[in-house]
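Read through the structures below before going on.
Look for chain A in each of the two complexes below; its partner is chain B in the first and chain C in the second.
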Partner chain A sequence: MGEDRVEWIIFVILGTWLILSALGTVFVKSPIHVILFFLSTLLAMAAIFLALGAELLAGIQLIIYAVAIVVFYVLVITTIPWEKIKRFGGIYKSELMIASPILFILFLLMSYMVVKGKFAQPVGFVKDNVKDLGEELFTSYLFPFEVASIILLVAMIGAILLGRKEE
Partner chain B sequence: MESLLYSLLFTLVKVLIVFLTALGVGAYLTWFERKLAGHIQNRLGPTVVGPFGLLQPIADAIKLATKETVIPRGADKPVYYMAIIMALVPSILLLAVIPWGPGFMVNGKYIEPIIADVNIALLLAFALGSLSVYGTIFSGWASNSKYAFIGSLRKAAVVIAYEVVLGFSVLGVILLAGTFSTVGIVEAQIQKGVWFIVYQPVAFILYLYCMLAESGRVPFDIQEAEAELVTGYNVEYGGMKFGAFPLAEWYVNVIALSAIAVVLFFGGWDGPKILGPLSPYFWFVAKTFALVFFTIWLHWTLPRFQAKDITEIAWKILLPIAILNVIITAVVVYIF
Partner chain C sequence: MDIIKAYIILSIALFLIGFLGVIVRKNLITILVSTELMLNGINLAFVAADKALGRVDGQIFAFFVLTVAAAEVAVGLGLVISIFRLKGFEASHEISQLRD
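Take a look at the complex of A and B:
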């Protein structure tokens, strides 16, 4: 039992956790349980990043997705009185009909990629991936980074305008 | 393979030590808090069980554990139970990134008294600190009680606001130290010979505010507000299930956040060697305890803010100050 085997075992555990919680997100009925499964999915994702050595990505996954974003979902979902809204029991049939061929094609594409493609290989041992990522973001990828920040700013101003009370 | 087994074993031992100490100290802080509150309010505090009432936490634990389990009608049972776990786990996990002392050699093996020395330790600490908000929100929601739910919504608003300020307030320290790692930050302070509170007093005050807000301590304890909400989000929990929430939020969280404050601003285990090889641990624990003491002292001295004031202070006053602090620090670090 070498280091590779241990890595493999950890990956299988985390992967199972991820897949089970993703399935839960789709199939569970109560919206609160859905959001809990979704949270679990995000945590599993962060754990996989951590296991792969992408520490900064794991930290950001936790702090941005698992906390900042999901907390707003939770706030909205918990404050809506679900008893008063029409309960929907089954599975969305027409949506499933439309989505399944697309999903099948996507699955085929991804299987092709996995079977024929090459896996990304680590270029070299990265000592401090926080620093390296920061340098990359502010040098080679400065323009897309700034564009993303402006898009977010526009979205924020839009949200403030929409949420503003009429005087 | 051998080294892997060893490191697993070491980690397990470290986890056990930290876990048991944290829960034990957390339980005894209840005694300490009641004693302190008693003396602040000119009374004696617990005196009956054992000398100085020292056995009071054990008596409380037995009382809580033997109480009848009552679950409110219409409560969502799985979420109701899960909420306890969601409140406890992040607070305890926070302790994983705290370095209690410098590394040392035993039988040619380098041992660090920290469970997880990752280079995103601080990010992880803040992520876990805010993950504990789910325990509060879901416990309030699952109880099917309006008092509990209002309490949990207030807590959510507070955590969202103060998490942002917290992130910005410590950026100054990170700029000075050049790393996210808790061990690295302490080593940077020892190397410079100056604790970061000297360079970053504003950041420390902001951090203190955020620490009080995140751990639901006075003056930011509106989610508990006994007078209006009858202690808020945990009102529908009974017995040991009730005991878990204050343990997580008021004690373990306060210990962990104080320890992180010591790492960030007070030089971690740095201090004169008065106890030989044990002095780093002594200094770390002493500094952490001083901050915990300060928090409890405030708790029994100050009145509480209104709900709307708390979030307004965070967004309109603290956040601009924090951002200004980061910009000034960045410019100064860049120039020198």
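Take a look at the complex of A and C:
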């Protein structure tokens, strides 16, 4: 019972952190502050992954999201003139008025479905997360893994083509 | 209530907050950040289901979601930069035409 209570305490702390920083990401005015709140969300996500026992995914979350993607956003913001960004910092008020009750009702419906539903029975037991994940990734999922490299290559070429200056 | 259900409800909340961000934000870059929030919510649901089932397949799918997220950021920010360079604005309500 004691371990269960510790899990719930961890869930409440990390969940509060996650939801608060996600709300900050959506509602804060300045784009730089948005990026900082987004970074806080990613750190909370990595902590939740650790709490759920997905150590490799937590590390990759830190390396790819919190370093690569966030730095990419910051670099792009620095290339765009600052006063143009500040002109469009805010949110649409009327859309917020319409969308937030609808999304709240949607949240209640989906949560009701999750709370009332039943899970499938556990089918296995993960001894070593990193080892099991690597074995599964390089045997059952070898072809999707190679396709992922093609996706990254195509995205890189597309980004170079889109981002270059017109002559 | 099972703690896995609580984590899945948290992931639904994160997904819907990201969706709200896509709807209400004005700036194109912050719209992209909100789509990243949605992808993170999906990852959380995958990992929580994995914990319930005792398998690692969901984490592999979360992996691929991460790969697609990186590709999406590269292409999306390239599009934002080229829209800005061609037209000189980046509020979502001003982009009403695909052609020049």
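Some notes on this structure:
We adopt the following convention: the second predicted complex is superposed on the first by the 123 of 167 C-alpha atoms of A that agree within 3 Å, B and C clash if a C-alpha of one lies under 4 Å from a C-alpha of the other, contacts with A are read in each partner's own complex, and residues count from 1 in each chain.
Here is the rule we use: contacts are C-beta pairs under 8 Å (C-beta built on N, C-alpha and C of every residue); 3 or more make two chains touch, one makes a residue touch a chain.
Keep in mind that this is a model prediction, so the values were computed, not measured.
After overlaying the two complexes on the shared chain, residue contacts for A:108 are found with neither chain B nor chain C. Set side by side, chain B and chain C differ in how many residues of chain A they touch, and the one touching more is C. In the superposition on chain A, contact of A:25 is made with chain C only, not with chain B. By the touch criterion defined above, A:73 lies against chain C but remains apart from chain B after alignment on the C-alpha atoms of chain A. In the superposed pair of complexes, A:15 makes contact with chain C only, with no contact to chain B.
Of the two partner chains placed by the overlay, neither chain B nor chain C lies in contact with A:142. By the touch criterion defined above, A:56 reaches both chain B and chain C. In the overlay built on the shared chain, the residue A:99 is in contact with chain C alone; chain B does not reach it. Once both structures are placed on chain A, chain A residues 56, 60, 68, 79, 129 are touched by chain B and, in the other complex, by chain C.
In the complex of the two chains, the chain B residues touching chain A come out as 1, 4, 76, 78-79, 82, 118-120, 123-124, 126-128, 130-131, 133-134, 137-138, 141-142, 149, 152-153, 156, 159-160, 163, 167, 179-180. Every residue of chain A that touches chain C in the complex is listed here, in rising order: 4, 7-8, 11, 15, 18-19, 22-23, 25-26, 31, 34-35, 38, 41-42, 45, 48-49, 52-54, 56-57, 60-61, 64-65, 68-69, 72-73, 76-77, 79-80, 84-85, 87-92, 95-96, 99-100, 103, 106-107, 110-111, 114-115, 119-120, 122-126, 129, 132-133, 136-137, 140-141, 144, 148, 151-152, 154-156, 158-163, 165-166.
Across the complex, chain A meets chain B through its residues 1-3, 6, 30, 32-33, 36, 39, 50, 55-56, 58-60, 62-63, 66-68, 71, 74-75, 78-79, 128-130.
Contacts from chain C toward chain A in the complex involve residues 1-10, 12-14, 16-21, 23-27, 29-30, 32-34, 36-37, 40, 43-44, 47-48, 50-57, 59-60, 62-64, 66-75, 77-82, 84-85, 88-91, 93.
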